[in-house]
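The following blocks contain the structures, represented as structure tokens.
Each of the next two complexes has chain A plus one more chain, namely chain B in the first and chain C in the second.
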Partner chain A sequence: MSALTHATARRATPLGTTTLAGLKPALFITLISALAVAIAAVVSEPFRSPTNVESLLFQMAPLLLVAAGQAVVITTAGIDLSVGSMMSLATVLAAASSSSAGAVVALVLVVGLAGGLLNGLGVVSGVNPLVMTLGTMAIFRGIALLVLGQPGGIVPADLLTPLTTVFGHVPLTFLLALAGVALLWLASAETRWGRTLFAVGGDEGHARRARLPVRRTLLIAYSVSGLFAALGGLALVARIYSGDPNVGDPFALDAITAALIGGVAVTGGRGSVLAVIPAVLLLALTDNLLNLAGVFSYWQYIAKGVILIATLAAYHAAGRPSGLLTMARGGWRKGAGDASTGGAR
Partner chain B sequence: MPRSERSSIAEPIDVSGVYGGPAGPPYTLVCDELDKRFGATHAVRGVSLTLSRGRTLALMGENGAGKSTLMAMIAGELKPGSGSVAVDGRVAVVHQELSLFPQLTVAENLGLGREPRLAGLVNNRRLRADGRAALDRIGVALDVDTPVERLSPAEQQLVEIARAVALNPSLLILDEPTSSLEPSQVDLLYAATERLKQDGTSVIFVSHRLEEVFRFADEIAVMRSGALVGAGPASDYTRESLVAAMVGRELEQLYPERSADRPQAEPVLRFEGVGGHGVRDVSFAIRPGQIVGIAGLEGHGQHVVAELAAGVRKPRAGRLVLDGSTRGDGGFKSPREAIAAGVAFVPPDRRTSGLMLPLSIAENLTVAAAHRLHPTRLLNGGAERRAIQPVVERLRLRFAELEQRVGELSGGNQQKVLFGRWLLVRDLRLLVLDDPTRGVDVGARAEIYGVLRELADRGVGVLLVSTDMLELIGLADEIHVMYEGAVRGSVPGHSATEEEIMTLAAGEA
Partner chain C sequence: MSAVTASPEPKQERRGALRRRLLRSRELLVSYALALALLIAFAIATPGGWEPQRILTILGQNAQLGIAAIGQTVVLLSGGLDLSIGPVMNLASVVSSAQMRGQDGNIAQGIAVALAGGGLVGLVNGLLVARAKIPPLLATLAVGTIVQGGYYVYTEGQPKGGVAPGLQSAADAKVLGSIVPWWLVLWLAVWAVVAFLLYRTTWGRRFYAAGASPRASWLSGVAVSRYVVGAYVLSGICAAIAGVALTAYTGSPSVSGADSYTLQTVAAAVIGGVAFSGGIGRLAGAFAGVAVLVFLTTILETLNVDSAVQYVVQGAVLIGMMLVNRRLSGRGSGSAGR
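Up next, the complex of A and B:
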């Protein structure tokens, strides 16, 4: 039992050990999603159709972006409820400003960053994240309504054209969203900021004592969430071709759902941004398949709720030695390991 | 201001000018009339202290004597009220409460905030190599890819020390570094500090284990009520004179007198071939008024025995017999059932599993006796205060007011609150203690030991799990020594020796 008896295994993976451990839930969700795709493709003729694939991918893009930002904030043991309003605000800014595409994109990104930074400033000055982002959720919604009182407006043509570009049947927005998520994953897992992010989310007090830059880390996390919500708003414009001050509403909770299904611990410090990709796929598939099956759309909410609870229950079970799934070793349980209870091993 | 690189580094201050450059003595640390008040509390009173290069100073004193405040000022974590502190180089601190991140690996913890980079991304290969190098420096071999939460408390402590040593500090402050270490690991730490000293690093060492103080320290400084009451070479002190200097009175006896033999009453609790959770075939009995000790090195199952007795875990084999009747399916179904049966548990980590830190002293004290104190389920403040007052006085609890948060108390006083909780429970039959005095100073220990003996004399059975062998020898009527999950042997408390217990605990007998 002495410290000396532990083997000093040598690993040479270029990725961090914790980064890899965070991907385990993603693997699980990927398997389930792949299975769902395979079954649907076999049994459902309309599912296989190119138009359906294209619409599925268009549908995924906004949620991918906003869920990735949300995952970063949840990793800090925080939450961002304002992202839905921020998406709406982005769509109305795109549809109401009637300037060139470049100016519109710049405006939307600056507003996203500024809104996120505002959240971050509130949180580092001691406002509870739930309270802060609940407040800004209302504020951003109010601003969006002031800019554009009802759905409509005109999106500049030179913006709409690239946003709706499709390669084969793969939308450009989907590819850009994938790239955005991948970049954010790399930044959040494999940079100094990222490592500090996990430390702050794991124990903010310890992080302060270790003189890690806690404030800066939180400010960046919330700014990123605002920025990715604004990008998600642009991806939404590609679907609705207009501005809508309420269109983003469901995305705040959907983004939280996606992050949690992807294995990001709601208590902070554990998880992986990359895991939102299969999680968003699973949620989009649920909507898509129920639609195709002609099930009344309200059932989609119930289905997604069941998926959320079942997935987290499975993660929880896998966190125990007696669990059915063994993929969770080193997963997201917070300080409940055998070592911390001091039991004999 | 540039961000400090990491854990607890003070800005280097050049002291060569102050002390006459090369001609003066090569001090690493010079404190001049350091003083600090917190409101009405005068925490540190005009402390002047010097420490030469490559020397080890043991800073002694009861909890609340001002050691932590003094060290925080030396480390640059706290601004002095008046006076000055100068350190020639960096200070690294290993705090008593670990500050590692449990979900991250050893290497990630060691490199946190100063990860080696390659094109902006963390260079994980070098991070692992650096981590191994940092562990090598203190002679510890651990897999750097293990998440810290899967290490034992002792291993976590060693990682924490490696993290501080990796900073190449000129002054290393170790606050109770040995409290969770087993003897072989203390030897490792000793060798590491000797090596550091040869490189010119000075060490300040805080411990309540006197034998280690005399082993590690070249010099000893003693604080009492915020003032420095003694400082000099370690050879000037004996155990007795050191304890006397710390408490300001001769501590006639740390351990209370053993009670006379009582008639062999029916056991309060009997373990009959209990197994599971890493222990096997554990059998012993605790009679009313008896203090039964469980000894063993870290990780040999003694914590599991405590948790089984307290109903935190259920036995997978064998059975627990309480007052002559078997419990349910062989053990308690839950801690709640155990409490209802008069079994109390003081867990080893008071901060995470014992106390509710944000709540008040009063709330923490009354939580187990709430049903008795408030039979109508409406809180009765007067009855509560009347019940608490004698307990608070009995424990000599030091506090500002009963509404104060427990988190603000010193370690020893927190531990007293945890004990006081069970003094309020009238029908207590069995008290289960797991390392009850870890990080608790001599004065508070004596009070806790006194209360333990008093409870035993009232007829309460006590199960005492401890890694401190002297504590077991001083208190227990009977000591069972664990090795690899089983009871390796038992010795009577009044005649046991450290050698005897150690031999059993190491599996050599």
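Up next, the complex of A and C:
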């Protein structure tokens, strides 16, 4: 235990070393999101409508799950580009196998875990996370296309009914996604695995020398990301009512964006899984408002890019000891390089 | 990089340097061996596969990937990553066609505008990375997304104008009655220019140094950020050339035709042994990487393999090559410990 404390305490500031301190970098984005929601609610009549709130929440559910998994992987100074393809794979598995709901869910979860584990195995054997997940992204996409060549298929009714359940105007998938994020947050902040996760992300070499179970921690982190991507795929089924081998593609980048504007440091070791909630809210809100305003939908691309750059610049300018600032100083390369060279040592 | 130490004796020093070069190029050897193996498989698996004309034509048809991969390699050497290559290629496709309006007289103007656009996007990338200190992955991703949104809004999804017929026919033409396609020549020309810059100029020496060890270079008086910005500008220009080449080849502008190129360029560079840590790798590696990808795709296509399986095979090859390179560099660097 003392070795663990040593490895985490090496950081200049104890950010991320306690459950609550880890939330600090998220304060900024939480304020921005809250402000944005308040302004939107006051200004826009259609935004306040219950149907719109419902569709906003439906929209948030899949991204919440994928972004939470992504946040865990980024905390290890890695990255998971394969989550989008994994989501697509989950939707086609749900739509193509005509068995009972229980069997489908079990299959999807097992596939998610196995895919994530494959990523983890590659990373611990020294492949750069970016390249490893780029490769598995192609592999998962290929498998999804093999399962279902075209968008379509039939989702078992006993699976679709619970997925599309709405309490009042709050979708069940949204509540489950929130619960999933909260669970993962607690796991990453309170458990022994979570402590090791931050130690590995902060300085893999030291974590290794402190005899922390680096390999196991990385394997679990990538498996969790795969699992949450598969869950996100199921949440996506609730929106598209079918399977689609390409539907998850944009989610890989959206998930990375969400984790990073939530203050998870790309060099690893800092941030909080819980911070993806305001970040996802902000992204979904942008899409939603642009839609309501009837703006040509491709402005959303521009808006997202500007949000990402502006948030990073704001973190930088504010000079706060957030992970993003450290990341900006150290550069992305350092984090990714550490993760890959560390694996070979 | 290698554990070989230079001895005072000139002859031995030369031998040491040679051995060092061989050690350093082991990744290169592996990638060329793989490319050669795939070439042989291609020749056996497809009728008439040995004909040089066919091989050259296939390489010429993929010149745009090769040119874009050169840009990606340069950025990787600087220690960065360029995820805006696909969007820049589409941008070049859209703006050059809008300028040319299908007329031969406007070719120069169209190409100039495309190159300027690519260079400008590269400059923004470079400044965000080097000055604003935003990690390359995010900066280029965000800029790429903005560029993508930009041309979608500009074209409303429907590209204006058209490719000049002169450029279109050049894409299919061979050099003066020989069997060498013009686009292959274009690819080799871009390679030659960038190779000259990297290997034969002071700029290139400092560039490699800045990529391998930014801190040491900065302490020795190299303006590292200038070299980083230069890498992104070069990559933007390469992507713009690739975009125009692709449009000329397909014959019509497209807002999404080059989307897959971003990741393919990364794959090509990585297969060719270019390291993510910066400063390690050569342009020849990117050529081998492109050849591997191209021959692999062609073999799978001629064997009528489902495109789904093609994805799986490509992913597996990428991961496999990375594992092999990992092994090689682990043994090659030894105690020097990169």
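Criterion: the second predicted complex is superposed on the first by the 301 of 345 C-alpha atoms of A that agree within 3 Å, B and C clash if a C-alpha of one lies under 4 Å from a C-alpha of the other, contacts with A are read in each partner's own complex, and residues count from 1 in each chain.
In this text, contacts are C-beta pairs under 8 Å (C-beta built on N, C-alpha and C of every residue); 3 or more make two chains touch, one makes a residue touch a chain.
In this text, all values refer to a predicted model and were calculated from it rather than measured experimentally.
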Contacts of A:230 with chain B and chain C, given as first, second, both or neither: neither
Partner chain in contact with A:300 - chain B first, chain C second, else both or neither: second
First (chain B), second (chain C), both or neither touched by A:65: neither
Chain B versus chain C as contact partner of A:132, first or second or both or neither: second
Partner chain(s) touched by A:196 [first = chain B, second = chain C, both, neither]: first
Touched partner set for A:57, first chain B, second chain C, both or neither: neither
Touched partner set for A:309, first chain B, second chain C, both or neither: second
Chain B versus chain C as contact partner of A:269, first or second or both or neither: first
Common ground on chain A, meaning residues reached by chain C in one complex and by chain B in the other: 337, 340-341, 344
Touching residues on chain C, where the partner in the complex is chain A: 79-81, 128, 132-139, 141-146, 148-150, 152-153, 156-157, 263, 266-267, 270, 276-278, 306-316, 318-319, 322-323, 326, 330, 338
Residues of chain B that touch chain A when the two form their complex: 3-9, 95, 99-105, 107-108, 112-115, 117, 120-122, 124-125, 127-128, 132, 140-147, 149-156, 158, 182, 184-185, 188, 277-279, 297-301, 303-304, 307, 348, 352, 485
Residue numbers on chain A that touch chain B, as the complex places them: 1-4, 6-18, 21, 186, 190-192, 194-196, 198-199, 202-203, 205-207, 209-213, 269-270, 330, 334-335, 337-345
Complex contacts: residues of chain A adjacent to chain C: 79, 122, 125-128, 130-132, 134-139, 141-146, 149, 253, 256-257, 260, 266, 296, 298-306, 308-309, 312-313, 316, 327-329, 331-333, 336-337, 340-341, 344
